[in-house]
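Shared between the two complexes below is chain A, which pairs with chain B and chain C, respectively.
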Partner chain A sequence: MKRKVFSLILVVIMVLAFNSLAMAQDDPIKLGFFAPVTGPAAADGESALNSAKLAIEVINEKGGIDGREVELVNYDDHLDSKQSVSIAQKLTTRDNVVAVVSGSYSGTTRPAANIYQNAKVPMISAYAIHPDIPKSGDYIFQQSFPGPVQGKVGGYMAVDNLGAQKIAILYVDNDFGNTLNDNFQKYVEDKGAEVVYVDSFAIGEREFNPVLTKIKGLNPDLIYVVAYAGEGAAIMRQSVDVGIEAQILGTEGMDSTTQFLQVAGDAAEGLIITTNLNRDSEEEQVRDYINRYTEKYGFAPDMVGASTYDGFMLLAHVMRQVGPDSEAIKDAMYEVEDYMTNTGLLYRYNEIGEAVKPVQVQIVKDGEFHYYDQITDMDIIAP
Partner chain B sequence: MFLQQLLNSIAIGSVYALTSMGATLIYGILGILDIANAGAYVLGAYLGLLFYSLSGNILIAFVVTMIITGLFGILIQKYVYRPLLSQPAYIPLIASIGIFIFIENIIRLIAGPTIKEFTVNLPFQSLNFANLHINNVWVLIFIVALILMFLLWYLLKMTKIGLAWRATAQDLDIAKTMGINTNRVISLNFFLGYSFAASAGILIGILYNSIYPTMGSVVSYKMLAIIVLGGLGNPFGTLVAALLIGFIETMVGAYIGFFIPRNAIAFVALVIILLISPQGLFTQKSRI
Partner chain C sequence: MYAIVVMINVGIFVLLALSLNIITGYAGQPNIGQGAFFGIGAYSGAILTGKLGIYFWLAMPISAIITGFIGFFLGLISIRIKEDFLAIVTIALNFIVAAIFQNVKFFGGSMGLSVPSPYWFGNPLSYHGYLILIIILIILVIIFSKLIEKSWLGMALGAIRNNERAADSLGIDTKKFKIMAFVLGTSIAGLTGAVYAHYMTFIMASDFGFLTSVSILSMVILGGNNTIRGPIVGAIILGLIPEVFRFISDYRLLVYALILILMIRFQPSGLLGDDSFVWQKLTNLRASYFKRRGA
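For the complex of A and B:
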């Protein structure tokens, strides 16, 4: 009798095991994600996470990938590279995701990129733009144009478009700020403009009166500011206070409605920034994204959110062609051509995994970002 | 130009004085380095915005916020620090770091991580004359700082409770045997320490028109440099140290450039001054 019960149990177990094997095909496809949802960059982290969730929702609404649902496996890296590395290990060894989108900064994405490369899991960095990230290997891609391109476009706007000859630079002292500053400065100096002042500041700095007072005394035509929303808003407000009249040229770091435009208020009028999100875009998908995000979360998205969303959509686009296989996804990424994203037309990826995309130039008018220019000149935007 | 930078430095120094004063008071009486005071600063900023948007009156917002944050200080003191008083000094220090992180994250969970604007229309405008700019919020900060410093001075030097406070600061046990209700004195001390921090949070929120959950993180360590420099627990020393740090930061930034991050300048100044005068700018004798 005992033996009979035992064999019965064995049969049940085997049936269940086969069943689960058969089910495996219909298990959701896991996509990994990490962002600094807590800590000093929590606002960007939340913006990225919101968009990641929205992207997964939209992909599943459209029937998933060949009928299979997509599942988001997300972690908070606290803007700490030790965390982003251990998350990379978890995602690749325990969660077994097929691909990953980074919703974090360059400092945290860089060390994690090596782990994804070694594990042969494709990773798309949504808005971390340090040039070393795609150089980590053939599985690593950037969703947005690399930092050096944005720095160069800044230089082009400053000298060739706005005609500045005397330039002051203020940049945030991290991977983002240093990359943009180096390339901006090189471009403007090659073009014969004079850089009269360069200074950096730490993330979280709010007091710029002493520096701006000094810059005012040097009387530059243009100030290039590489800052995030909080620091950027402080710079805009205080530059009005000290009476600076020079044109201010910013970057995607200030591309935020709630965090930057509302805080800076009238002081932001006339600011020009280089970014990847064109708020005046006529493209239906951009309008859809902005409307849907605003409806779901109660405020307008920023470039961080749009870039993250694009990262997932790009993965879905590729997986619909080649299926949810890490290596096939990697190979197919290099074949992508003229794919429309929320952050502009993705022409292609180069051999390193850097995106070739147009750079948007936006201006603040009546408290909103509007179209100012779009740089498509390959001499400037090719990485 | 120099005059403008001097004005900038006084404004920055006053801001530092206000943010460090709460922690100085608490160190003065219990010898605890109260990092959680930076949490009271963040809490104060958020409560200030809440009550300002509810009442539409910044004065009401100030008073209500200072009272609530002060009461919060009493609770922290009673349920966290008092049981730890007999432990070595680093244990309450670790507890205070824990409270600080806790407050930051509770606020992030409730109010969200994004920057919120704190726009207040003041009854007076910024002044601009002869190329000089005086921000109207600076004026507000000077006024509030003066009022609070005067109150503190009056309380400490002119009242009986001030005497009890000074006695408790000198020696808690002896004060207790002399019949002073030291628990009440310590409670008052925390009340004031936390409400000072709250007022600083509101003022900084208005100055930069923004509040966010991590706004206390720079404050939490710079405050330490200032109270150490000021002679640990000496309110007058803290005021001078704050103005001095504001001055050094501004002038280094203006005339030498930020060869190191601005926030590190305070610590370089601290190291240099402590090498020359190990007691800080003012010795323990003049403490409270």
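For the complex of A and C:
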């Protein structure tokens, strides 16, 4: 009798042990994510979170990573750097994620980057473009092209492509606006164009009539606008009101369907922007992403979402090669070459972790973004 | 590690709430601009160590002095402008300070400022180190607050809080004491700011806006103005809410606001203020305990 009980116990223990072994193998691979889903940047935060969820869904549909499921661990940072820092600690020490995608702005991503670097967990910044972010260390990558590149491409489009000679600039006063403005101005002035007017505005500004009236009086060929969706829509509408006929050149900040195109309406017709998402791409995965996103959420995705999605897809791509190991992922990221993403062909990451990729130029036609040009000239797009 | 970071965050708010308590509690002066002084301290510290290469341990007190110096001017203003009007001046202060940090290139402008890590015997200060530093600072500030309560300064401030004109007529130099309260309260916030900047390693003007000031004030009011225990408890509760309620994500802010509204409606003197339900119960309990022991 005693022996029977003993063997029964032994069997139970073995089953349990085997179970836990099998469990360990089937444990989902955890990927961390943070975005400002509430607070002043909630629209971008939500867009990023939507795409993060979709990316995880797609990765798992394709069989996960070597049969293991991928799990999203996501947190809301409320665009507060104190919270992004505690989230970084939580992701690296509590949740033990193998890699992280930031769907947040520069102010929150920058201090968090140090923590990921120290914890040796790779982090991809989806669309925050502060130049210090990739410089935080070798575990930190920037998915979008750096701000200076986009500024230069803006300059190239303005002068070399659109032939502008008299240029007015309006930019949002933060790291994004300043970086782009500095590099744009330098490029166009080197090329001999004249900058007749420069002004900045704060995030949330909605009244541009006085500035636009002044710009109209100066009669520029082109107006370079570095703004986010809300301010951008206001500028487009009011520039029609004051009767500006000059070409307007925008940036990825205005790359939003719900926040920008729907608000600006007809006033956005003819606007050209530099961005990283090509809506008319023939690539199957881009079509797939746009269709699935639209079907799932009821509106078309924007560059914030596409960049976040790419961050996850890139991690999945790398993990399929080297397995879900933080150290190996970091090393493999530097080896990535000519990888097709939603936001164009990623040539490679340079030694400090900045993406080298072409810049898309889109034009608004019939209330939608469409292909206008793609800049692949290495002299301009190499960071 | 996560717990330590959360404790550091809460500790920073405890320091800020205690610093504001000297102004709004002891002196009874409205101040919805403590976040600005927090920011002045943070930027002073960041520039002292980052641009001028001064040791962190020296930069900390200097930041406190710089902030206190600017607090002195707010003190001067408070002599002329009172109550509601002073509250509005302090609100405006937030926006002025944020705009200066945002626009002046020397302060990093909109690109923010990177802050070097401080060293402690040759090693970069770890999170444990920060936690110990903050706990020491909290203890020092509590002792300091106790000293104020018992000193002439505390009594004079109490008189000002209850009736400034009457205090004046009794020969109390209300101007001097009010300015002292502003200088002390703001310099502690400045000291906290310097620690915060180094702990975060990167600061931006938007970190120190009006909302920060409102949260600090909420902590003091929630816990109980004009006490030491109140601001500490208030800072712990409101500091922990974003972390504790992370699982209800979207409703986090709703809970935050609801707690504040309920408190103000039913416990205007704060959770642990002298007239509050909780504190009365506690003191009663203590009284009956001692009575029983005595009998």
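Assume the second predicted complex is superposed on the first by the 361 of 383 C-alpha atoms of A that agree within 3 Å, B and C clash if a C-alpha of one lies under 4 Å from a C-alpha of the other, contacts with A are read in each partner's own complex, and residues count from 1 in each chain.
Note that in this section a contact is a pair of C-beta atoms (placed from the backbone, for glycine too) under 8 Å apart; a residue touches a chain by one contact, two chains touch by 3 or more.
Keep in mind that what you see is a predicted model, and the values were worked out from it rather than measured.
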{"item": "Touching partner for A:K62 - first (chain B), second (chain C), both, neither", "value": "neither"}
{"item": "Which of chain B and chain C A:T38 touches, first, second, both or neither", "value": "both"}
{"item": "Partner chain in contact with A:D173 - chain B first, chain C second, else both or neither", "value": "both"}
{"item": "Touching partner for A:R287 - first (chain B), second (chain C), both, neither", "value": "neither"}
{"item": "Partner chain(s) touched by A:K120 [first = chain B, second = chain C, both, neither]", "value": "neither"}
{"item": "Partner chain in contact with A:H370 - chain B first, chain C second, else both or neither", "value": "neither"}
{"item": "Which of chain B and chain C A:T93 touches, first, second, both or neither", "value": "second"}
{"item": "Touching both chain B and chain C, residues of chain A", "value": "37-38, 173"}
{"item": "Chain B-facing residues of chain A, complex", "value": "37-40, 42-43, 45-46, 173, 199-202, 204-207, 209-211, 213-214, 217, 229-230, 233-234, 237, 241-243, 258-259, 262-263, 265"}
{"item": "Residues of chain B that touch chain A when the two form their complex", "value": "1, 4-5, 8-9, 11-12, 105, 108, 112-115, 117, 119, 126, 128, 133, 135, 204, 208-210, 212-214, 217-218, 249-250, 253-254, 257-258, 261-263"}
{"item": "Of all residues in chain C, those that touch chain A in their complex", "value": "1-2, 4-6, 9, 102-103, 109-112, 114, 200-204, 206-207, 242-243, 246, 249-250, 252-253"}
{"item": "Residues of chain A touching chain C in the complex", "value": "37-38, 75-76, 78, 80-83, 85-86, 89-90, 92-94, 106-107, 110-111, 114, 130, 132, 173-175, 177-179"}
